[in-house]
Amino acid sequence: MIPSIDLVLLSLVVVLAIVAITVRDLLSAIMLLSAYSFLMAMVWVEMHSVDVAFTEAAVGAGASTAFLIAALSRTVRWEKK
Amino acid sequence: MLEWLIEEIFAKYNYWISITIMLIGFYAMIAKGNLIKKLIGLSIFQTAIFLFFISLADIGPTLRGTAPIVSEAMIHKGYVYVNPLPHVLILTAIVVSVATLAVALALVIRMYEEYGTIEEEEIIEKERELGV
Amino acid sequence: MNTGKSETEEGKKRSGDVIVETVSRLMVPFIQLFALYVIMHGSSGPGGGFQGGVIFGASFVLLVIAFGIVNAGNRFPEAVNTALFSTGVYIYAGVGLLCIICSLGAAQYLNYGFLSLPVHFEERRALGMDFIEIGVGITVMAVIAEIFFNLAWKKEEDEKEGGKE
Amino acid sequence: MIVESIRPLLAILCPAIGSILIILFSKRPNIRESWTMLASIAQFLIIFSMISTIIEGNIIKCTFFTAFPGVDFGFRIDAFGLIFAITSTFLWILVSSYSIGYMRSLHEHAQTRYYFCFAWAIFGAVGVALSGNLLTMFIFYEILTVSTYPLVAHDQTPEALFAGRKYLAYLLSSGCFFLAAVVLTYHFAGTTDFMNGGISTLAEASRGALMALFALFLLGFMKAAWMPFHSWLPTAMAAPTPVSALLHAVAVVKAGVFGIVRVVCYIYGVDLMHGLGLGLALACLATFTIIVANLFALAQDNLKRRLAYSTINQLSLIIFGVALLSPAGIEGAMMHIPFHGFMKITLFMCAGAIMVVTGKKNISEMAGIGKKMPVTMITFTIGALGMCALPPTAGYVTHHFFVHGCEEAGGTMSFFPYILLIAAILDVMYFFPIIYTAFFEKSEEGGGSKIKDAPLFMLVPIAITATCSIIFFFYPDLFHISELVETAVQSLGGVHP
Amino acid sequence: MILSVVEQFPVLVVVISLLSAFTILIAGWLNKKSCWFLSFSTILVQLVMSVFILNHVLTIGTIHYWLGGWAPPWGIEYVVDALNAYVLVILLSLALICVTYSKRSIAHELPHKIVPFYTVYQLLVTGLCGVVVTGDIFNMYVFVEIFSLSAYALIASRGKIALKASFTYLVLGSIGACFFLLGIGFLYSVTGTLNMHDLSVLLPPLYGNKVVLAAFGFFTVGLSIKMALFPLHTWLPDAHSFAPSEISAMLSGIIIEVSTYAFIRVCFSVYTVNFIKLLPIFDFLCWIAALGIIIGSVLAIAQYNLKRMLAYSSVSQMGYIMLAVGLSTSTHHALWGGLTPALMHILNHALMKGCLFLVAGAFIYKAELWNITDFKGLGRKMPYTCAAFTLAAISMIGVPPSVGFVSKLYIILASLEAGKFIFVAVMLLSTLLNLVYFWRVIEMMYMRREEREKESHSHPPANKNEIPLSMLIPVLTLASLCIIFGILWLTEIPIPILDQVNALFGLGRYAAP
């Protein structure tokens, strides 16, 4: 792996994780989670685990997001504080 | 001191980041009242564990590791493969995580139909009104 | 499974964005082809039944998003779906059991080497694995689609057990 | 000599099978009750058939399986156990007959449950009598506790339910202590078998541990109703009278006392008891209970409650006899178990008869009742005489032994006969007023001096027990009791000082 | 290597169950009634297989099954020894009893969900069997998740308030599973293997390693959540009380027990006795368990909802099992040494709690009776059900010769041998607490009169209103087993099985001096 790219990606991942759990708009949170998953997949490609990266991209960034949005479409979009 | 920092933190940064993300996810699961937020936390938590596993498989920057795909040319060039087993484990774990998410979302939707809210506190309040 | 003629029948209920519809109609066959590639290539490269299945399932999700849930739901009735993912499991478990049966109980479950196929031992392994991947792929595809339909649409039916390999 | 036999098993099975038949014939009272009678008679005959073997100095054994190394689950019948078994089974026959009269006259509800539980209670009591080690005894002891609960709470009034709860709370917690004691005994001695003269390996444990263990045993035998853990017994008088009669004069409370005697003579052994100085402590506890219970009895107006306190007093008398650790004392104690059973059951059955006929429960209401129910009150008088240890009743015989036992024990013990005397005087003070009221006071209702005694189902058992109480005075060997007692005391060996 | 037929059974138990789950799903489209029959017959076949497995293990020896023919450190291995075989038989027996019971009660309670119910039920059984037979720790994780997911779905199937309970269980259960996964990762990072036997060979030189210690911590906490050990039990009361009753019975009788099995496996098969003896973990566990026993019972006293009360009682009973596990390394007697009391109580608790929950379900089925205060006069209306309840409750209290008594006796003897007298007191105290909350119910059923009865002292012939036979037979079977097994344990007939487990792990009398 290449530490510099890794570090950048990973710090982005951390930032995305924090933002994803803080925003009150759940739709944004889900999209952020999707981005988070996608970045994670990139980290993994970079760590040579192509298989997992592949799956994470399909499942984490794809299917999970779709599920979450589907669920959101039948509940409420905003988190109450 | 600096040496220690380099050895314990910078050299193993992906482990530290994995722990950070884990804690973020854990915090969301425990502290957030919104059920969807809890699930987002769960996802983050699980991904952090996956990151941990993948980091285990990785053989570090010093060796020229490569993806564990069989090819004659690669072997002749003397590449070292990263350990494929954790990858396989994580594949299975991802399956589990998406299944968990699906069941949980189904529950959330049913709860919304039942209580009209996805905030934990409000649900508890409504339960109390129902007299349970 | 065919994506083409939805707008003629129940055109009113679809989402209505021409660009989205057209693009997804164009994309879906490629996605599905790719998914098939991923499934069949699983024994010798990245990917496999699960990933391919997810991608295949995702293509349906895309359809649903583009054309509206009712249309897609009608094209893909629950009974078919159930049958599909059961079939997948049957293929998976059946191949495993065949290994036992073909070897008359001498070999273990999923020991593909004992499948009575007219090829070499190693090739039998690869072929057996492909069968398994196909089974897994079908199951996962159907399960992903089913879960999405249930989450997004169905009111009365309760949750289905999630994807399991 | 040890004789292997399945007779104990047969004896214990009688009530068990009887209970099943009772349930099966719950819709047909006559058949149901004849099963009770049949089971009780069969059981008594089987028990009785063992006497000859035992008197010859044999021990009957019947082992089923080994629960732990050194602990067999099984029966071991010696003379002492047989005394208790004979008493319980014989009185069960009489009380069954009495119950039929009582329950039918009062049109009680849930009679099937009543007979069913009664059978199981006897199952437990006889099991306690026949068991060959502490673990087996514990098992039957707990069965006895649980099966008598529905009998105590039979009326299902709030009062009866409270009594039932209190009963269970006391007896099952005591069961916990008993279990702890059993396990500790096993821990220290490696066995829990009853042995003549005590378990020799037990003496190896430390002094403090043995003291603590004995305290656990005493707590475990709360069924003996020693003070200050007696209060379940008067409360349990909420039960129907046959229950009070058999269970709280014979089966349950005697199981407690029986246990204490077993522990003193067959687990610790007299020598060890002497060595630890526990005899005196136990005697003090017993005399304390005797005096205080008598004082309490004086204050009671409810006849059954007064009898309950009298029971507490008499039970402690048995404990006292054992605590003397002298042959005569132990002989007296063992003999008092059946004798007191016969006398007290007479009294309780009389109280029940009075309740059935007149509906009166309190002594102050009983003026002139002696004229109305002469047979009942005469038998009551006999029982009361026995309680006060006056001749010509069985009570006098045992008190004779107790006094003699005190002399034998010597030392501090020779002081105790005076306490017994005080106790007897107190007994007189609360029994004679009842007799006086019944025979010599005029009924306030006036007029009704017509004789209208209890039904025959009830009267016959009362008459039999009262007669027995007198016969015991002249001929203590009725049912071979004195022979059995002698055999038991002789087999203890090291008792003679 | 030629495999005998029985040696194929470990994998067949899992595969048949999985196939059956999906067959049920398809069959459900054709005929709803076939679902029950399919599920019942599958579990029956599985049970027969498991009995053969047990017999094989006891007579011939441990079964090693290499899935796909791959040798252990690389492939997944199914290992069935005395411990698995024993747990497998218990698990399938209770599953069979619950499925028999469910025929009428599910048709009554969830008429629209018969097909998914049996599908998911069968998946639950698959997961449980999988956890039990596998010898690969990661595979165990996967199966743990499968049965947990099925359990979440089954609990939620009642809808309404059960949804919340299920969701809480899901969140906590996932945390537990993640911890378990993390533990696996830690172990993998130092040993590079996932096979349990392989791990136990490779780990000993690393026992001082902090990673290994941390992994043990993660395993303990993760599995403690799954098995509802005292401070981590918070999901249990809701989940157990709102689930359909046969699922409550499974949850309480089997699911938390299988998690306990997983814990025992990890402690003694992955780590070994030598590791456990290095650390005071098990002493600590004993104290936690003792606290759980007392607090669980006290909380149970405070409940008026029968199923909730039983749920808290489960917390206390898990304390019994964990106390016995905690004592297992310090006892060496042939009978109560080692894991014997713990494994004994696993069976006993399954019998007792299974029966009690099924009875609670019967009351709900007949008259929607949830609260103890509504049980007045039930003893006459439902005599057999109430008799079963009484037997099981008496067993819980520990009146001899029931199973509860034997467990209590063995645990007391074990704690005496370990020299921990305080636990004797705890056990005895818990007996009294159990008495308080169970006797309340018995008294209510038999001794309290109904209001309308009170007025007329006469007693009209009770109109019996008993549950249907297909529900009654399971209940009565369990109740009678409570007594039969009590006597069997006392006669020591089943002890050799548990003795083999001790021999396997070097516990009890096989412990190294």
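For clarity, chains are labelled A, B, C, D and E in written order, and residue numbers in each chain start from 1.
To be clear about the criterion, a contact is a pair of C-beta atoms (placed from the backbone, for glycine too) under 8 Å apart; a residue touches a chain by one contact, two chains touch by 3 or more.
Treat the numbers as computed from the prediction; the structure is a model and nothing was measured.
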On the document's contact criterion, could you list the chains that touch chain C and likewise touch chain D? E
Chains touching both chain B and chain C: A, E
Which chain lies the greatest distance away from chain B when centres are computed from Cα atoms alone? D
Could you pull out the chain whose C-alpha mean position is farthest off from that of chain E? D
I'd like to verify one number: the distance from the centre of chain B to the centre of chain D, where each centre is the average of its C-alpha atoms, in whole angstrom. 71
Between the Cα centroids of chain A and chain C the separation in whole angstrom comes to 24
CA centroid of chain A to CA centroid of chain D, Å: 79
Chain centre separation in whole Å, for chain E relative to chain C (CA means): 36
Where in chain A do residues touch at least two different other chains? 50-51, 55, 59, 63, 67, 70-71, 74
Name the residues of chain D that each touch 2 or more other chains. none
In chain C, which residues are in touch with two or more of the other chains? 46, 48, 50, 147, 151, 158-162, 164
Could you please write down every pair of chains that are in touch? A-B, A-C, B-C, B-E, C-E, D-E
In the complex, go through chain E and note every residue touching chain C. 1-5, 8, 11-12, 15, 18-19, 22-23, 25-26, 29, 65-69, 112-113, 116, 119-120, 123, 146, 149-150, 153, 156-157
For the complex, which residues does chain C have touching chain E? 79, 82-83, 85-86, 89-90, 93, 96-97, 100, 105-113, 156, 158-162, 164
In the complex, go through chain C and note every residue touching chain A. 38, 46-48, 50-51, 54-55, 57-58, 61, 65, 144, 147-148, 151-152
Residue ranges of chain A in contact with chain B within the complex: 1-3, 6-7, 10-11, 13-14, 17-18, 20-21, 26, 29-30, 33, 36-37, 40, 43-44, 47-52, 55-56, 59-60, 63-64, 67-68, 70-72, 74-76, 79-80
Complex interface listing, chain B residues touching chain A: 13-14, 17, 20-21, 24-25, 27-28, 32-34, 36-37, 39-41, 43-44, 47, 50-51, 54-55, 57-58, 60-61, 65-69, 82, 84, 86-88, 90-91, 94-95, 98, 101-102, 105, 108-109, 112, 117-119, 122
